[in-house]
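Next come the structures, one after another.
Same chain, two partners: chain A is paired with chain B first, then with chain C.
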Partner chain A sequence: MARELTFRIFRFNPDQPDVKPRLQDYRLTEEPGMTLFVVLNKLREEQDPSLRFDFVCRAAICGSCGMLVNGRPTLACKTLTKDLPAVTTLMPLPVFKLLGDLSVDTGVWFREMSLRTEAWIHTDQVFDPNAEEERMDNAVALQIYEAERCIECGCCIGGCATANIKPEFIGAAGVNRVARFMLDPRDKRSDAEYFEVVGTEEGVFGCVGLMACDDNCPVGIPLRDQLAYVRRKMAAAGWKLRRRAPAARA
Partner chain B sequence: MVYLQKALARNPRVDFLVELVQMVSGLLLVVFLWTHMLFVAAIWLGVGAFNALAHFMDQYRLLPATVVFLVLVFCAHIGAVIRRVPRQWQEQKIVWRHAKLIRHADTWSWLFQAVTGAAILALAIVHMAVVSYAGINAGLSSMRVHDGFLAFYAALLLLSEYHASVGLYRVFVKWGWVRRSSLKRVLGAISVLTVAIGAITLGIFYSLGAQA
Partner chain C sequence: MRDHEVLVTDVLVIGAGLAGERAAIEAALAGLNVTILSLVPPRRSHSSAAQGGMQASLGNTAMGKGDSPDIHFVDTVKGSDWGCDQDVARLFVETAPVAVREMAHWGVPWTRVTLEKRVYDGKVIEEDPAKVGLIAARNFGGTAKWRTCYTADGTGHTLLYTMDSVVLKLGVTVHDRVEAIRLIHDGEQCFGAVVRCLRTGALRAYVARTTVIASGGYGRLYGASTNAVINEGSGMALALDTGVVPLGNMEAVQFHPTGIVPSWILITEGARGDGGYLLDKNLHRFMPDYEPVKKELASRDVVSRRIMQHIRAGYGVDSPYGPHVWLDIRHLGERHIRTNLREIAAICQNFNGIDPVHDLIPVRPTQHYSMGGVRTNIHGQAYGMYNLFALGEAACWDLHGFNRLGGNSLAETVVAGKIVGAAIARQTKETSPDVRWPLVYEHLAEESARIERLRARAVRPGGENVYALRHEMEQILSENVGIFRTEGPLVEACDKLRELHRRAQDIRLRGEGRGADPELGAALRLPGMIRLALCIAKGALERKESRGSHYREDYPKRDDVNWLKRTLAYWPAGADEPELRYEPVKITELPPGDRGYGESSSFAATAGRQDAGANPS
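Right, the complex of A and B next:
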């Protein structure tokens, strides 16, 4: 027999600040293979056209549907209702700007983070369109690809207690982004230069190791390894910096 | 983002150094905790052994040296971690609410670190004051444990073991030296072991106190 499911959904419209945020219950009958994508669209079509949420790809690729499902940051489009209890609470991701109900703006946050981590290849090599492309070692390419798989869903940021209290903290996604460029041989930044970007409380040393990011990344990027990799590299750089620091400031 | 004050005060290595101090002082405290456990467990060998060890410590002025060491390391540790404890009321509320919201075990253990840390500080100050004032010998210890201090010592034991094991877990997790699940198991086993050793030690003191 199909279950009756209850969805307790966070409702708030920032354009109507005097209407207090609240949880609203919706009911519907479970169907085979049902995902939260199906649920939310059905609710909007059949019960409440004012419900706000985001989906684009519905295939865990675009990263726009991150939300708290019973408290856990995850992608709604890949969450099957058969894995959920009879009553499920849906909340928007914290940290990001709330656009309304379950919809948040992750774009601005990620753009800001990319700018601050200077997430592009730093090189003085001049691009020659006629030259043959430089080859890259396959092992390195795979390592880079591992970090590149981030879909910017923001689950690692919303789940992170540090990111919740420190708006400047670049979070696991930010550190992962930096790791990607550290691995890339085309990026000519020195460790000391990277230290400027991530060797601080806003960067990798702000992380207290709660591992909510590692537990919740929906595409399974080994965030703990990425954090530890950058942390060790930055610790080494910070250690070396000591000997140069006085001369640089004199 | 850089603001004027921050740009002026900028020493790029501060955050890294503070992190280092926190870790090193924490590790030293764990080493001390476990050494302490073993030393007190000398009572297992009898009152004579315990008093001999205490006498040895006294003779070479190891007791005051330890107290000085502890005060320094404690201060370093507290100074380094205080920036981590979400300070302001507003932040506190956010973190508690957040922990409740995402129901994530490791996030809770972070909040407990702050709470247990503060409790340990209070208890340890009392403990150190009593010990440095009264000196160490088996008779005094058993009397204390028997006459009302049992709960105090049991609390100190449990709190410090918990705090140490969670702290160690975090250090290892952050620097990425071992796998998380096996780490939890090993640390769990060590904690159970040390708590057991401590509990037996307390038990012995208690029964000695009862006999006296």
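Right, the complex of A and C next:
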């Protein structure tokens, strides 16, 4: 027998501020292989055309569909209903600006984070179209890729205690982004320059190390290791900077 | 009308995927003011979903030794079944190696050549120690050499993230969560676009000296597609709706051999490129029976047809979602699967609850790529309208003809971005800013009125349901304009789509359609989508031959005498179906010949044409 499922969905439309945020119940019959992507589209097409949510790839690749499923930040598109109880609560990710119902503005948040951390290769080298590419050890390439795999879904941010109280905190995704460039020999920034970017309370030192982020990352980036790596490097850089500072003044 | 916001820029790029961003970078580097628009944050564009790789003849890998632009050229032309423009293909293959290296310079962590021992199809591959650390390549279908550069399992992701990092660095303006819904033009020249904000629903006009369509493919016209849900072809519809810009070869639709059943998420060609097999219900590896030379790695159109042919012969595996075949990568080993094919393992796990290290993967050919699109010249200028450009999957440049090779699309986006981007910069500098306010307000007013009409009739009973109409359109295309095509069903498809187009005039919103309401968005988009569907169906009906992905069972042979030409679909104002014209294909180097694989090739085995049942199992 197919189950009857209830979805208790957060509703709020900033366009109608007079209508208070509320939870609204929807019911439908479970189908084999059903995901929350299928559920939400069915609800919109058959029950409530005004329901807002975001999907793009529906394949756990693009990072659009982060939300709280029974309180836990995860990608809706890869959540199978067979793993859910009969009643499921869906809430938008906290921290990010709410656009309506389950839709939040992760895109703008991540763009600002990328700008703050200057998340691009810093180099004076000019591209020479006629030259062979610079060599790189494949192990290094894989290490960079490991950090680059972040899909900017915001799950690590939505579930982070610090990010929830400190809006300026760049979060695990931000620290991981910095790690990606630190690992890259093509980026010529010095530790001191990185320190400027992340050696602060809004950066890696804001993290209180409860590791909710590590458990929540849907692509399995080892955020614990990345946080430790950047913290170690920045602590050392900070120490050096402090030692150098008086000398510089003299 | 005056209360609508109007923004002015030098270059307006509609689309923040690889093609749009690369072109934007080129124009920004030339000192121009560029604005990029996107339905979604740029990094969520569908380019990020490409796992497999990007072709460029670097020739670093042992199995790619001796590769050159010349060989890449021949592969591309054969792949296209001689439907491409050869001057474009030549320009493309010569530029691809530089484009790949430039992406490395900007930060893509390409997988590099190592001396690690590897066995491929029973043979040990010995890499050249002198090449260690250079950009590696993997095998893809329809290529004579291993030429597909890749980053582990995330090529498109790393390309797009790197491209977008350059956009950030250059400070190019990006407006996400907006949808271009109409081009502003006077029938001769383009002046920008009318845009709907998907946060608030407000309309704006972007006025530009040059406008660029880089909006990606139309996969979602077919219900079952590997494409993202935003790939609805809206950029192509914008161009078609000018009445003067044609779409090229819309009937050339690629079906990828391996969409996973039943979510139709793509299992990358890398799986077969790295040595995966296709098995039937008897676990027999059937591709060598049909294609003894290329086996699983003939071009996509051929492999897709062979699978369907084998299924039709009764060798498919039955399932509630229709018959399928198996993809087997178990023999590649756990280590390989968990690094180079990790994304596949994740998809299998997430959506089917299986582990490809131990389990077979259920697959069936699925709509994947649109070779057709806004027809442009070699510089990316759209036919029929000044100051309008197009590139990437939205365009028909025409590099792919009737079948695109795997890995040639990512390469096209980056290469065309470079080349067309430079042409855009030149053209923009030659065009003096010319804001025709009455024209801008006229276009804004018409879109505004369209929205008001929908809202005014909202919630009242009767009329057509936008989602129901949409599913009908998907159904018609999937059933009648799929892999195998014949006259009867194609005539029926055209009739039904014309009818659907008429019914779409009477869409009645179920909700109120306030602000950025998603149902309203769907209602605004659907008529244009149906027009694209009609271009596909009518083009397929009229093309009485088989070429590349366009396979007519009633005309199974390629016909170079009558059909070595490109379809151009126009939609004159007020018409109820497209008008088709044709133009010759540019042949500059390689005259039409044998592809070396496929049904009409002298290299193909006859297994398929006899009873495939003779196979041992």
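We take it that the second predicted complex is superposed on the first by the 246 of 250 C-alpha atoms of A that agree within 3 Å, B and C clash if a C-alpha of one lies under 4 Å from a C-alpha of the other, contacts with A are read in each partner's own complex, and residues count from 1 in each chain.
Here is the rule we go by: a contact is a pair of C-beta atoms (placed from the backbone, for glycine too) under 8 Å apart; a residue touches a chain by one contact, two chains touch by 3 or more.
What you see is a predicted model, and the numbers here were worked out from it, not measured in a lab.
**Student:** State whether chain B and chain C clash or fit side by side on chain A once the two structures are superposed.
**Tutor:** By the criteria stated at the top, chain C and chain B fit after superposition, with no clash.
**Student:** Counting only touches as set out at the top, which of chain B and chain C does A:236 meet: first, second, both, neither?
**Tutor:** neither
**Student:** Once the two complexes are aligned on chain A, which partner has more residues of chain A within touching range, chain B or chain C?
**Tutor:** Looking at chain B versus chain C, the one contacting more residues of chain A is C.
**Student:** Which partner chains sit in contact with A:2 here, chain B, chain C, both or neither? Use first/second/both/neither.
**Tutor:** neither
**Student:** Taking the superposition as given, does A:152 touch the first partner, chain B, the second, chain C, both, or neither?
**Tutor:** second
**Student:** Applying the touch criterion given at the start, work out whether A:225 contacts chain B, chain C, both or neither, answering first, second, both or neither.
**Tutor:** In the superposition, A:225 contacts chain B only.
**Student:** May I ask you to decide whether A:56 touches chain B, chain C, both, or neither, giving the answer as first, second, both or neither?
**Tutor:** In the superposition, A:56 touches chain C alone.
**Student:** Looking at A:19, would you say it contacts chain B, chain C, both, or neither? Reply first, second, both or neither.
**Tutor:** The answer is neither, since A:19 touches no partner chain.
**Student:** Per the contact definition in the header, classify A:100: touching chain B only (first), chain C only (second), both, or neither.
**Tutor:** second
**Student:** Just to be sure I read the superposition right, which of the two partners does A:87 touch: chain B = first, chain C = second, or both, or neither?
**Tutor:** In the superposition, A:87 contacts neither chain B nor chain C.
**Student:** State whether A:136 touches chain B only (first), chain C only (second), both chains, or neither.
**Tutor:** second
**Student:** Closest pair of CA atoms, one in chain B and one in chain C, after superposing: how far apart in Å?
**Tutor:** Between chain B and chain C, the shortest C-alpha distance works out to 17 Å.
**Student:** Touching residues of chain B toward chain A in the complex: what are they?
**Tutor:** So the residues of chain B touching chain A come out as 1, 11-13, 15-20, 83-84, 86, 91, 94-95, 98-99, 101-104, 106-107, 110, 170-171, 173-177, 180.
**Student:** Could you please specify the touching residues of chain A with respect to chain C in the complex?
**Tutor:** The touching residues are 13, 15-16, 32-33, 35, 44-45, 48-52, 54-64, 78, 80, 99-100, 105-108, 110-111, 114-115, 118-121, 125, 127, 129, 131-138, 140-142, 144-145, 148-149, 151-152, 184, 186-187, 219.
**Student:** Report the residues of chain A in contact with chain B in the complex, numbered from low to high.
**Tutor:** 68, 70-73, 91, 94, 116, 159, 161, 164-165, 168, 195-196, 199-201, 205-212, 214-216, 224-225, 227-229, 231-232, 234-235, 238, 241-242, 245
**Student:** Give every residue of chain C touching chain A within the complex, in rising order.
**Tutor:** 40-46, 48-49, 58, 98, 100-102, 104-107, 109-114, 132-136, 151-152, 154, 157-158, 161, 165-166, 168-169, 174, 176-177, 199-201, 228-230, 262-263, 265-266, 320, 339, 343, 346-347, 350-353, 467, 509-512, 514-519
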